[in-house]
Amino acid sequence: MAVGWVKRSAAHHAVSEIERVEKAVLETSRMQLHKLVEEALPELEMMIGWAESSDPLQTTPIFIRDAKSISKLTCGPLCSQNLTGYLVKPPALDSVPKDAKPIGICVKGCDSRSLVALIQEKFLTRDRVRIFGIPCRGTVDWRKVEKRVQLLNVKSATVEDDWLILDDSGTTHKIALEEVLSRKCLGCRYPNPVIHDVLIGQSATPRSTDLATTYRDVDAIEKEPLEQRLAFWQSELDRCIRCYACRNACPLCVCQDKCIVETREPRWLTQRAGIPEKFLFHFIHAMHLAGRCTGCGECERVCPMEIPVTLIKEKLNKIMEEMLGYAAGLDPDAVPPLLTFNPGETEI
Amino acid sequence: MERTNTLSIRQSRDTDFIREVEEASGQDVSKCYQCGNCMGSCAYTFAYDYPVTQIMRLVQLGQKDIVLGSSAIWLCANCQACTTRCPNDIDVARVMEALRIMSRKSDTVSLPDIQAFYDEFLRSVKTFGRVFETGLLPIYNLRAKKPFTDFDLAPRLLMKGKLTFFPALVKKRKKIAEIFEVVKRDRFSKDGKARPEPLSSKTDI
Amino acid sequence: MRIGVFVCNCGTNIAGTVDTAKVASEALTFADVVYATNYMYTCSEPGQQEIQRAIGEHGLQGVVVAACSPRMHEPTFRRAVEKAGLNKYMFEMANIREHVSWIGNDKAANTAKAADLVRMAVAKLRFNQPLFSSKMPVNKRLLVIGGGVAGIQAALDCADGGMDVVMVERKQYIGGKMAQLDKTFPTIDCSSCILGPKMVDVSQKENITLYASSEIESISGYIGNFTVDIRKKATYVNWDACTGCGACMEKCPAKNTPDVFNENLGSARAINIPFPQAIPKKAVIDARHCRQLNGKKCGVCAKICPVKAIDFEMKDTIVTEKVGAIIAATGYDLFDHSVYGEYGAGRYPDVITGIQYERILSASGPYGGHIQRPSDGKEPKNIVFLACVGSRDASVGRPYCSGVCCMYIAKQAILTKDHLPESNSYVFYMDIRAPGKNYDEFVRRAQEEYGVQYIRGRVAKIYPRGDRMVVQGADTLLGVQVEVEADLVVLATGIESSAGAGELAEKLRISYDQYGFYMESHPKLRPVETNTAGVYLAGACQGPKDIPSSVAQGSAAASKVQSLFAHDTIETNPQVALVNERNCIACGKCIQVCPFGAIQWKELRGGIKKAEVLPTVCQGCGVCNATCPPKAVQLQHATDNQLLAEVNELCA
Amino acid sequence: MKRVAYYKGCSLEGLAAEYDRSTHAVCEAFGIELVEIADWNCCGSTPAHSYDPLLSAALAGRNLAIAADQGCDMVMTPCPGCLKSLKGAQEACEDPGLRKPFVELVGRDVDGLKTVSLLQLLYEEVGPVAIKKAVRRPLTGHVLIPYYGCLLTRPAQKAKFDDPENPVSMDRLLEATGALVPDFPYKTECCGATYGVTRNDFVGKLSGRILDMTARLGGEAIVVACPLCQQNLDMRQDQINKYQKSALHLPVPYISQVIGLALGMDPKELGMDKLCVSPDILFEDRAEAEGKAQGPGAAA
Amino acid sequence: MKDLSPRSSAPADETAATTQGIKIVGFLCNWCSYGGADTAGVCRFKQPTDLRVVRIPCTGRMDPLFIAKSLIYGVDGVLVSGCHPRDCHYAVGNFYARRRMEALKAFLPFMGIDTQRFRYTWVSASEGQQWQKVVTEFSEQIHRLGPNPGLKQRSGDHSIPSIALR
C-alpha cells in the first residue's frame, strides 16, 4: 500500500484536527467536508466536488471558487462520478494557469487510485492538488434502482444506515443499499483513499481482500466455454454505437482528440459500423489501459448502451496482478509494467 | 550397496525420485554444484557412509536405493550448518529431512535403532501428550538391547532430584492422539486428502 | 502513385516452383500498379537496367521487386532505383525465394503465396515516403572515463592516431587496480614495470588532457557532439604548483590516516602521494583526516611546502569539455568479504584479501616486500588461499565467475614460494578456470614445480586456534572433511562492478546488468559498442576481465572511435522514429521505454512540451512507436499505416 | 508489564527444571509476565518432523493456537528445539499445501504470532543496558564462554535473530553482567544433539571439542541457552572426559541462571544446585579483588 | 542447425487440399527470425505455404493491437518471432514485447478469441531447422482449428449466454 509517501505531517495534523472538530460540533461527514473546504478554500484555485442535482439519484460535479457555494458540496453513496479526469482534461482547467494555487478535489478510494496513476504518469504533480479523501462504502447505480422499483418522479433520495430511501411522488421506497451498489463496488479492495491530504469520516472496510472476490465477474465469464464468451461479447458490443463516452469519461484516456480510433494518420479504424470495428475499438481502449486502469468504473457508468465495458479492463487488470504482480494506482513511484521489463522472467 | 561396482547411471536413474525429493523438500537439487561446503560444515561427516555433498550428488543422479538406504540421512542432526552456508541457497537440511521421511515410507531405514528412538519418543508424546524423559530412556535402551547405557548418570540425577517418576499428563490427550491418527491416515499427501498407503508396523508408530 | 513490379525468375530458383508470369500478370490488377513483368535475373546488370528503363519509360514513382531476401539484395536494388532518380526508400521487396520457392513444391500454392507477398509489398509501398539522410559534424575529441589499464590503452591508441583525448579519473592517480599489483600472471612480469611507462606516456602526450581526482558530473548530446561536465574535486593542493617533492607527507602529523593504496595494511598521512611512481605525482589532502580541515590547529604542510601549493580553501570546480565519442573504462571493485560470517566477517587480521596480499608482496608495499602477518609481523609458514570468495555464490548475490581469481591465486602461491622457500601453500578451489594462453600450464606449474597443494572443495569455516587460523573445509575428491592450521589466510575476493557504475551508466544512457556491469550492444558481434551510439566500453566495467583482455578491449574500443573519427560528418539513418508534434500528448512513455535515450523533451513556445527524437541516436527499433498511445511517434519506413496496409491485404 | 505466552517444553519439566525456574525468576525481575500455555503438549521435536511435516506442525501448532486464544501475540520458549518446531508450525500455516489440513487439525491459523527464544526476549525486550543497570552482584573477573548451539540463530531466514555464524546477543548480555567474554569460535557448532542417547560417542567427540576450546580460552564456565546442549555438556561431562581421556570440570549454567546470579538472586532459587558440574567457582566475588588491584593503578 | 541436407521431410503436404484459404500472418524481426526464415529457405527446409511474412525491425515494434486487429478481421493465425531474450539487436526490444504479448495471450480468450491462433516464439538467424519446426507446428495447429470465423457477423448458431454479473 502506498501510504508512506503521503505527506505524513499534513495527514496527521488533519486527522487530529478532524477528531477535535468531530467531537466538538460536527456530526456528519458532509459538515466536516464543508468545514474543511471552508478552511482550505483561500489557499486553493478552486475546489472540485459533488453537488446535488435535479435528479436526486445522481449528483453533479461542482467547481467551487466562491465560499458561498460550499454549502452545495455533498458526499456519500450517491456521489458516483470520478472527478479526477477534470484535472487533466479540458474544459475545467482551461482557465487555470499553470502556476496557479493548488486545486482541491474530493476523491473516493477508487478515484484516489486514478490520481496516483496520473501523478505517476506525470500528468499531474502532487503539489498541484489538495486531496480531500472520502472513505466510501460503495456508490449507487441508478440503473439498478430503476430496475428494482418503478419510479415516477423522485423527489428525494437519502441514505440512512444500510438503506436507500426514496420519496417518489409521495411513495416511500426503502431499498437495501447493498442491492443497488455499482458492480465495481462489490469487489472493491480500496474503499479508503490511498492518497489524501485530509480524510473525512471513518475509514471503510474493504469488501474484498482477495483476487477471487474482486474479479468475481471476470471469473463468471471465464467459466463459460470460448464460443459462449464470443457470443456474449458479440451481443454486448454489437450494441456499441461508438459514441466514445467510455473513453471520454476515463480519467486515464489522456489522448483526447488525438485518439487513434479517430485519426487517419495512422488509420486504425474506419467509420464502418461493423462488429470488427467495435471489437477493435474496445481492444484499443483496453490495451491502452493495460497496467494503467485503476478500475474506477467510469467507462461502464457512462455507457448509454449499458455495455459492461469495465469488465474488459478488469480482465486485463487481473492479468497484470496475476502475471506481473502489479495493480495500478497504488504507488506513484512504480513504473507501469508494460513500460518496463525484467530480463529474468522467462515465459512469464 | 557395493561401492566397487560400476554405477550404471542410466539404468539406476530414477527421475521420479528426483522430483519427489524436490517436491517434499521444496528445494531445487539441480542447483547443487558439489562445492563441498556442506560436507566441510557438517559435524557428522566423520560418521556418514556418504558425506552430504555426495548425498546431494546421488539425488541429482536419481540414485534412489543408495540414498534412501544410506546411514547418513539418519545420522543428520538437523543442525543447519549446511543450510546456513550453502552458496546456492539450498536448504540441505530440509533435503535430508525429506529423505528420512521417504526412507521410512519405502521401508529402507538403514539405522533402525535411531528410528526406534524417534518412534519411542513419538509414542511417549502420543500416550502422555508430553515426553516423559525418565521413562523414555530406559524403555528405549531396553528395546535397543543396551539396557545399561547411561546407567552411570542415574545416581547423580537422582541426587539432584532431576528424575521424575510420574509422567506429566496433558488433559486433552485425546486431541493429541487424534492429530497422530489424522496425520497417519493422510500421510505424505500434501493436499490433505487421504492417500491409502500400506505402512508396515515396522515403519510406523 | 505509379508502381512497377518486377518478378524475378532467379533462373529456376524461383521459376521452378512459382509461376512468375502469372504473379506478374496478377500484380497488374493491384491498385496503382502500372507496369509488371517477370525477368530471368533481376539482380544482374541487365536486370537492373531493365528496372531503370521501366522507371523512365512508365514514369514509375515506386518499385517492387519480388525476388530473394531483402537481407540479400535490398541494398543492390535501392542503389538501382536511386540511379534512375527515385528516392531509394520508394522501393519494396517481396521475398519469394527463401520464403516461397525454396520451401515448398506445390506450384499453385507457391504462386498464390508469391502473389500475396507482392500484394502486401505494393500495399506498403503506397504508404512509403521519400526519406533523406542528414549529415552531422563530428567533434574529433575522445573522452575516456577511467584511467586503469584499459582506459590508458584506449587513450594512448587514439592519441597516437592524432586525436585529442580527455581522460577523467576518479582517484588521484591513474593506473587503476593494476598499479596495486606486484606481478602479473602468467609471465610474472612486474606490474609497475609494464604499466609505468604507459602511465608516463599519458602524462606526457600533448594531446591527452588528464583530469585526476575528478568525476563525471553530467553528459548531454549525442554521437559526434557530446558535452561533458567534469567535477574536479577539491584536493586542497594547487597541482599547477605542486612538484611532488613529498616534503609535506613527511611532516604531516595526521599519522593515523588509512593507507587506501596499501589496502589499509599500514597508515598514511592526511596529505599524501600514494606511491612513488604515481601519475600525476601530486599531493592530495584527505579532508576526513586532515587536522586543519577538521578545525584543529595545524597547517604544517602549508608551512613546509616550498612552492606554497597548499590551499585549505579549495572547492570543487566544474569544467566543461566537448567530445565526439566516449569510452567507459571504469573498471571494477573487489567483493567485500565481510558478509561471510563463517570466514570471520573481516574481524581476523590474518585473514586478508588477495589485493592486500599483492601489497604485501610488493617491494613498495607496507612491509617492503617481506611476507609477514598483519597481526604480529611474523613470517607465515603455512598459507591457505581460498578461491571463489564472492564468486559463483548465489547466496551472496554473486553467481558469476570472476575469471581471474584462479590465476592470481596460482601466481601468489608461486611468489610465496619464491619469497619463502620453506613455506607451504594450500589452495581451496572448486574448479580451475584457466582458459587463456599459457594459463593452465601456469596453474600446473604451481602444483608440479612449486608444490602448491590444491584441495578441491569450498571452505566451510575459518576460526582462530591459538595464534593460528583453522581452515575447515572438505576435500570433495576424497569425500572427507579436512582442516589446515594456517598462519595466514588469503581470500580470493571476486570482481564486482565499480561503485557508482549505475549512476554513471544513467548519465551515459547505457544499460547495465543486474550486477552493475555495462551491457555491450551484442555479446558476440558488437562487444565494445553500447546501445548508445558513440559510447564504447573497455575493460572490466563490461564484466570481469584480466589484464590482456582489458588491454585488447581498450584497443578495440579505440579502433571503433578512430573509424568514427575518420569521417568529418556522420550520415544519419533515416529509418528512425519521428514525432508528429501535433499528435504528441507529452505523456513521456516513449522517453521512458527508449533503450537508447534517443528521445528527449522539447519545449515549444508557451512552455508546451513535446517529445523529440534525436535521429543520430535513434537506432530504429520501434519500441516507442509500439508504446505511444496516440501513435504520434512513427518509425519511418515501418509506420503503423505501412504495417496496417500489409495486414489489411490479408484481412480482405 | 509485557505479557508473553510461555511454552515451557518437556525438558524444562524434567532434566532442565532449573532453566524453567531461573527463566521465571529473571523474567519477573524485568517485569515480563509469563503466561503458561494451558494444557500444552510436546512439540514433537526432531522425531515428529522426521516422520511427517504435518505431524510436527500440528503438535507444535496446537500450543500456538492455545496461546493465541489466551490473548497473547508473542510466544516465548527457552528451548531452541521447541522454537524450531513452533516456527515450523507457522511456516506450515503459510504453506498453500499444508495450510488447510493444519487449520483443520489445530482449529485456527497461527502465523500472526511472534515466536521468540528466551535469549531473543531478554536481548530485545530487556537488553544489555537494562541488565547492566540491574546488576547487584557483578561477575567481574569471571571468564564466561557464550555457547548458542546450532538452532538458536539458524537457518537465518527462519530464525530472524542475530547472526547465524557469529551471534553476539549472549555475548552482550554476559558482558552486561560484568563478565569477560572471549571470542568463542564454536558458538554455533553442534554439541551432538540427541545422539547422547543413541550414539554416545558422537557427544564425546563434538561436545568434547567445545569443552576443550572453552578450557583453551580460559573459560571458567560455558553458558548455554538450550536444554539439550546443557545435558550434553554438563550431565555427560564425565562420559566425555572418559571418552577423550580428559579431566575437565566446567560448569554449564543457563543464561538465565547467570543473569539471575548477577542480579543478586539466591543461587538456590535459580536452581544452581541442580547443575551436575558444581558452579561454585561462579560464586566467588572478584569484583572487590579486581577493584583493589586496579585501584592504585588507576590512581597512578 | 544439425541437419543441412535437403532430405529434411516435407511435412503437411497431405493437408495441402485444405490449405486453400488459410492465411497466417507472421511478424518477424529483421535481425533474427527473418534471417532464420531465410536460413530455412537456403537449406530448403520444406514448410507449409500458409504463412505471409511482415518484416519488422524488432519485436519491440509489435504493438499487440496489430495481432488483435489481424485476428478480429479474420486472419487465421498470427505468429510473432524475434531474437532470443538477451540477444535482441536493440538489447531489450523483445523484453518489452514478451510482456505485452503474454498479456494479450491471456486476454484474447476472455473476449472469445481462441488464443491458439496466436503464438510468439524466439528463433535466431542460424536456427533454420527450428524455424521449419515452428512454422510447421503452428500451421498444423491453425489447420486443425480451421478458418477463423472472424467477427464479421454475429455467430447465429450460438444462443447468447446469460452471464450473471454482480
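Should a chain be cited, it is by its letter among A, B, C, D and E, assigned in written order, with residues numbered from 1 in that chain.
Please note the rule applied: a residue touches a chain if its C-beta (ideal position, glycine included) is under 8 Å from a C-beta of that chain, and two chains touch if they have at least 3 such contacts.
Predicted model, so just to flag it, every value in this text is computed and none were measured.
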item	value
For subunit A and subunit D, chains touching each	C
Most remote chain, CA-based centroid, reference being subunit B	A
Core chain by centroid distance, with centroids computed from Cα atoms only	C
Most widely separated chain from subunit D, with each centre as the mean of CA atoms	E
Interface with more contacting C-beta pairs, comparing C-D to A-E	A-E
Rounded Å distance, subunit C centre to subunit E centre (Cα mean)	35
Whole-Å separation of chain centres (CA-atom averages), subunit B against subunit E	52
Separation of subunit D from subunit E, taking each centre as the mean of its C-alpha atoms, in whole Å	64
Of all residues in subunit B, the ones touching two or more other chains	46, 81, 84
Sequence positions of subunit A contacting 2 or more other chains	268, 338, 343
Multi-chain contact sites of subunit D, meaning residues that touch two or more partners	164-165
Pairs of chains, among all present, that meet the touch criterion	A-C, A-E, B-C, B-D, C-D, C-E
For the subunit D and subunit C complex, residues of the former touching the latter	163-166, 183, 185-186, 213, 216
Interface residues, subunit C side, partner subunit D - complex	340-342, 344-345, 347, 461, 463-466, 470
Residue ranges of subunit E touching subunit A (in the complex, touch as defined)	63-65, 68-69, 72-74, 85-86, 92, 95-96, 98-100, 102-104, 106-107, 109-114, 150-155, 158-161, 163-166
Interfacial residue positions of subunit D with respect to subunit B in the complex	10-11, 13-15, 17, 39-42, 44-55, 58-59, 62, 97-98, 100-101, 104-105, 150-151, 154-156, 164-165, 188-190, 192-200, 202, 205-206, 235-236, 238-239, 273-274, 276
Contacting residues of subunit B [partner subunit D, same complex]	43-44, 46-47, 75, 77-81, 83-84, 91, 93, 97, 100-101, 104, 113-114, 117-119, 121-122, 124-125, 129-134, 137, 140-141, 144, 149-150, 152-153, 156-157, 160-164, 168, 170-172, 175-176, 178-180, 182-183, 186-188, 190-192, 205
